[in-house]
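In the two complexes that follow, subunit A is the common piece, with subunit B as its partner first and subunit C second.
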Partner chain A sequence: MNSTLAILAILDGISYAALVFLVSVGLSLIFGVLRVVNVAHGSLYAFGAYLAATFSLAIAPISPWLTYPALLAASIVIGVVCGGFIERFLLRPLSGQEDVLQLLITFAAFMIMDNLQRLIWGVQPIFAAEPLRLLPNVAVFGVSYTSYQVILLPGVALATLFGLRYFLRRTLLGAVILAVTEDREASTAIGIDAKRVYFVTFVIGASLAALGGALASPTTSLVPGMGADMIVLSFAVAATAGLGQIEGTALTALMIGLTRAFVIYLQPEFEVLVPYLLMVLVLLVRPFGLFGAVQVRKI
Partner chain B sequence: MQFLKAAVAAGLVVVTFTGTSLAQSKPSELKIGITTFLSGPASVFGVPAKAAAEMIAEDLNKKGGIGGVPVKLSFIDEGAGGEALVSNYRRVVQDEKVDATFASISSGSCTQLVPVAEDLKVMNFMWDCGAASILETKKYRYNFRTQANGTPEMLAVLLYLLKTKPDFKTIAVVNQDYAWGRESWEIFSTALKAMKPDVQVVAELFPKFGAPDYSTEVSRLLALRPDVVLTTSWGGDLDTLVRQAGQRGLLQQSTFVLGIGESSIQRLGKDLPEGLIVGARGDHWFLHPEKKNDAAFKAFNEAFKAKTGAWPIYPVYHMAQAFKALQTAYDKAIKSNGGNWPTREQVVDATGGTEFATGFGRPITLRPEDNQGLEAQLVGVTKSVPGYDFKLLDNIMIFDPKMITNPAGVRSVEWLKTLKPDFVKMDVPTFKAQ
Partner chain C sequence: MSGRIKPVTTIALIFFLVSAVGPLLVSSWATLFALILAKGIVVLGIILLLQAGQVSFGHAMFFATGAYTAAFWGKYVGGGDIVLFIALGGITSAVFGLIVGLFVVRYREIFFGMLNLAFSMVLWSLLEKMFHYTNGADGIRVPRPALLGLSFTPETFQYVILYVSLLIAVVAFYGVQRYLDSPLGHMLRAIKSNETRLEYLGTSARRVLLIGYVISAFLGGIGGTLVAIIQQIATPEFGFWTKSGEFVFIAILGGSAHAFGAFAGAAMFECVRFYAAAHLADTWQLILGVVLIVIILYAPNGLIALRQRYGQAKQGGH
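Moving on to the complex of A and B:
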């Protein structure tokens, strides 16, 4: 592989990693704070994508540039409505009960949302590429890339990463979330409303899943089953990084994106295996993930 | 005397029962079990096919049904897959006691259900699945394929490419990583190697089924600059690949061949440029050059458009073919039975070797040696035509099924290896779009 192809592979890897990070980080955040493995995460991704496409197709005739705020609006709507509903009415009643019940209830939510998606948007693929078409292509060594994929998506992923870091470490609400994550009983004892923290965190995590879907919607066809595919990949990334590790999720997404891109250039038959092979290798050596730490269980 | 009375009574009983078995009473309804994808990515085919089945059944029943018996449909979701699909199939056959089944879209489903149909002795039409191997490895009594299989479908596309772009030197493939993606490439590449051995395969890419992103594959192909890119992908995967390739200029750089792209043309709209070679998976296209002025054909297409909002695509026609085959088989069996309603076995006997008119293409024959449907193949190239917001097919070629289907008893790949470069010189009529 010559240096030109290596640079192309790096660009492809970064572009893919950005999308993978945006989808996985919400899952990781929810697990980090609520200790819930949210199987419905894939459905939130799919709903975000479908609603963003619906908004985009509706608003593009008025002004194509309005499709960008439409993507954001769709993410927030799905995060607040669907995420809020799941946390308040499905997860909260199971608080304190066995973890497996939370897993099952989010799986049930996933199945229901999958059917709802078919009822609302049908089964034919939907495509809403207006936001992507607005930006010009850029040429690298004679190979054309869309600015949306090599500039905008990585930019949004970086902004999300640093925004989350700032939010969790420099704001009062972020500090409260970290306190509840560290010790729920102690933080409740000093007057923190843990239920509210869980609700807010779940809505943020759900909005991030929906944002991943919304940002993917201009580049891909929206089809039944897209949520199921993404949940598997998200789990692989989050587990490799260590559940709850936001920076780790970013680095793992980058690692998977770059490895996948190089594999497609060198040995394409292994492309499908890359995320899972990396996950297995990492978990064999570090069972808590690349950036996870050994947890001390309170008896 | 007592003995004589008993003998007469026994004789009457024998005559009565024998008579019943010869003249089957006409049922109140003819039940058909249909497996189709109602969930998952392949529902892009399954849902339109279900709509077509309902429309055809309604129309048939308005006209008195098959042999005067109305048809009743039961649907099974192929999306359930695996054991659930087999259980549901058994339930429909054994509990609902359907008279025939149409199964399935997926070759995986067909592979699972064909032995079950044989075991349950229920007549089954493989109405859409394409794996040639199913009928090549074993002779079945109750299973028939009412359309072509992957071999003539891929061979027709390759012949079209060789006839229209004979000078290409390099080719790359981007197929979905599952049975169809791999098998279709094996068919295509084997025939290509036999007919044009100097072509170099520069990339074989098999991205994950349902992949949302092909950026890296597109970059690699842009860097490799192959003369031809083949894809037999379908549904959302094909739409995504074509759009991502188009946005980055790959569709303009290489000649794209969409092996079964007919089903995506309407959805891709203006994103599909001119000059792409598109296969139709059979002898059907809503503007079929030999049938486009036929009143019944136009009425069918318009009724489907009114019902679903889209023109029919190939699974719709494949579903219609299964109904036409069933109707023809029953008519034939009733006629051979002296006008009486036939037994199931008599219908099965009548089905082998049947030729049936589809009404939207050339007639199809169910080859008696292996129950494989011999169906012509329609291939064309995309072209903008005023009045349509999507591309139409131009320079359409319709390939004779007898020329491009492997002989019964010979495995597809073995037959393809025997093809010679002269094979491409076969005479095929070409039709202009307008």
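Moving on to the complex of A and C:
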């Protein structure tokens, strides 16, 4: 492997990690607060991607620069409409019930959304690369790469990381979310509306998944099954990091993104194996994840 | 209730009778019922683990192990016999279950589920990417095996595999019932209700769970072998996480409180799929998703509990 390929692998890894981080951190946030593994998370990612592609294909003839707000708009629409619906009508009636039921109802949402996606957007691959083509290429150590992937995507990921940190640690709503996570009963007793907190958290998490999809849509063709692949991958990242760990998710996404990129150049057939193998190895040693806090076991 | 036949067991007997006789009248039911029975066997394993309060979101790995055992035998050795396939499929999955089980039984709840998922995704990526051995995503064809040296035409074969599945399903159903009623089965339930007390009684909860896990892997493998023989193919999708989700889905749909829930759920699932796919193309997944939501929200104990609730209502409800 020469240095050009190594730089290419690093850039691939970073841009991939940025997308995976956006999706995984949403999953992790939802689990951290609601204690629910949202199996429909990958479908929110796919819906975000498809809606973003629809929006940007529709708006590109007017002005190609409007495709960027279109990506953002698509992810918020999906986050609020689909995410809000799942939380309000599927998860909320089940609060306090067995975990497996909460997990399964999001699985049902996944099945429905997977089917709807095929009914709405068909099974033919969709391309909407306008946002990618608008921005010029940049040269990084002599390697030419699209600035969309190497500057915009990592930029959005970093902004999300610091934005979430600021939101959770420095704002009132963030403090309220943390309070509900820490002790739901006590925070309800002092007048916090826990249901609203769950709703807001779920919508934020869902919007992040959709944002990941929307930003991914210019870089790849949209195909059925992309949601099912993304949910396990983002779950692998979130679980390896430790569910509920925001900074840890960023580091793990970077680690998995880079490893995967190098494996693609060196041993392409093992590309899909990397995240899951890492997940098995990490969970065997640290079941609470690389960055997770040790939880007291029942025995 | 001792001495009397339990109502759920009566329904189970009726179900097994229908699956034996029904396909003789409607020939398209032969494959349908064979699939229901085979999947029911896998879901029995899920229900077993649900007794201990543990949800495996990776059980498709044992399903795929059973299926690929038959497929590899057909590809590399050639020929094959149903009995041999099932024995091999069961044994390899049980051994695989023992190896994976040694790791996963140390964890509970979300960690148990996560680790199972991780192992199954590793297996899936290997099946998908080791192209030279597994044909990748295309999967391996499983040629129609003989039964005890007798070979059959496709028309007879669908009945042969149906009755083989039925026989195994009845034995597995009875065996799982007996196991859950045995001291070992009660200890398995105790993991869900109070694991600490189980340990204080001097029992190793891990060992109890490991035994349950290996049995459940064994059932998964046998079910996988049967499905591979019925559908004459084994693909990596057999080991994908959506397959694992489908099994948990069927278990909750049928009801995890009783072993028959596995078959009730599988029957409902496969019938919806069979008829929706035939009449409302491309929406069977949507319909199943809606069915699942309705069941979870309005009958969280599954189909078999609906009957029990009805029975209780008649007695004045308590």
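The rule we apply is simple: the second predicted complex is superposed on the first by the 286 of 299 C-alpha atoms of A that agree within 3 Å, B and C clash if a C-alpha of one lies under 4 Å from a C-alpha of the other, contacts with A are read in each partner's own complex, and residues count from 1 in each chain.
Quick note on the criterion: a residue touches a chain if its C-beta (ideal position, glycine included) is under 8 Å from a C-beta of that chain, and two chains touch if they have at least 3 such contacts.
Because the structure is predicted, anything quoted here is derived from the model rather than measured.
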- Query: Based on the superposition on subunit A, does the combination of subunit B and subunit C result in a clash or a fit?
  - Reply: clash
- Touching partner for A:Ala159 - first (subunit B), second (subunit C), both, neither: neither
- Message: Looking at A:Ala186 after the superposition, I want to know if it touches subunit B, subunit C, both of them or none. Which is it: first, second, both, neither?
- Response: neither
- Message: Taking the superposition on A as described, I'd like to know which of subunit B and subunit C A:Glu269 touches: first, second, both or neither.
- Response: both
- Query: So, does A:Phe288 touch the first partner subunit B, the second partner subunit C, both, or neither?
  - Reply: second
- Message: According to the stated criteria, A:Arg118 is in contact with first (subunit B), second (subunit C), both, or neither; which is it?
- Response: both
- Message: Taking the superposition on A as described, I'd like to know which of subunit B and subunit C A:Val37 touches: first, second, both or neither.
- Response: second
- Message: Contacts for A:Ala58 in the overlay, against subunit B (first) and subunit C (second): which applies, first, second, both or neither?
- Response: neither
- Message: With both complexes superposed on chain A, which partner does A:Leu101 reach: first (subunit B), second (subunit C), both or neither?
- Response: second
- Note on the structure: Clash list for subunit C against subunit B, restricted to 97-105, 115-123, 133-141 or 169-177, contains only 133-141
- Can you list the residues of subunit A that meet both subunit B and subunit C? 118, 269, 271-272
- Note on the structure: Touching subunit B in the complex, subunit A uses residues 4-5, 8-9, 11-13, 15-16, 19, 118, 122-125, 127, 129, 132-133, 137, 141-146, 149, 216, 219-226, 229-230, 260-261, 264-265, 268-269, 271-272
- Note on the structure: Contacts from subunit B onto subunit A in the complex sit at residues 39-41, 43-44, 46-47, 177, 203-208, 210, 212-213, 215-217, 219-220, 222-223, 235-237, 239-240, 243-244, 247-249, 267, 271, 310
- Query: What residues of subunit C sit close enough to touch subunit A in their complex?
  - Reply: 50, 55, 57, 103, 107-111, 113-115, 117-119, 121-122, 124-126, 128-131, 195-196, 199, 205, 240-242, 245, 248-249, 252, 282-286, 288-290, 292-293, 296-297, 300
- Which residues of subunit A touch subunit C in the complex? 37, 39, 90, 93-94, 97-101, 103-105, 107-112, 114-116, 118-119, 228, 231-232, 235-236, 239, 243, 269-273, 276-277, 279-280, 283-284, 287-288, 297-299
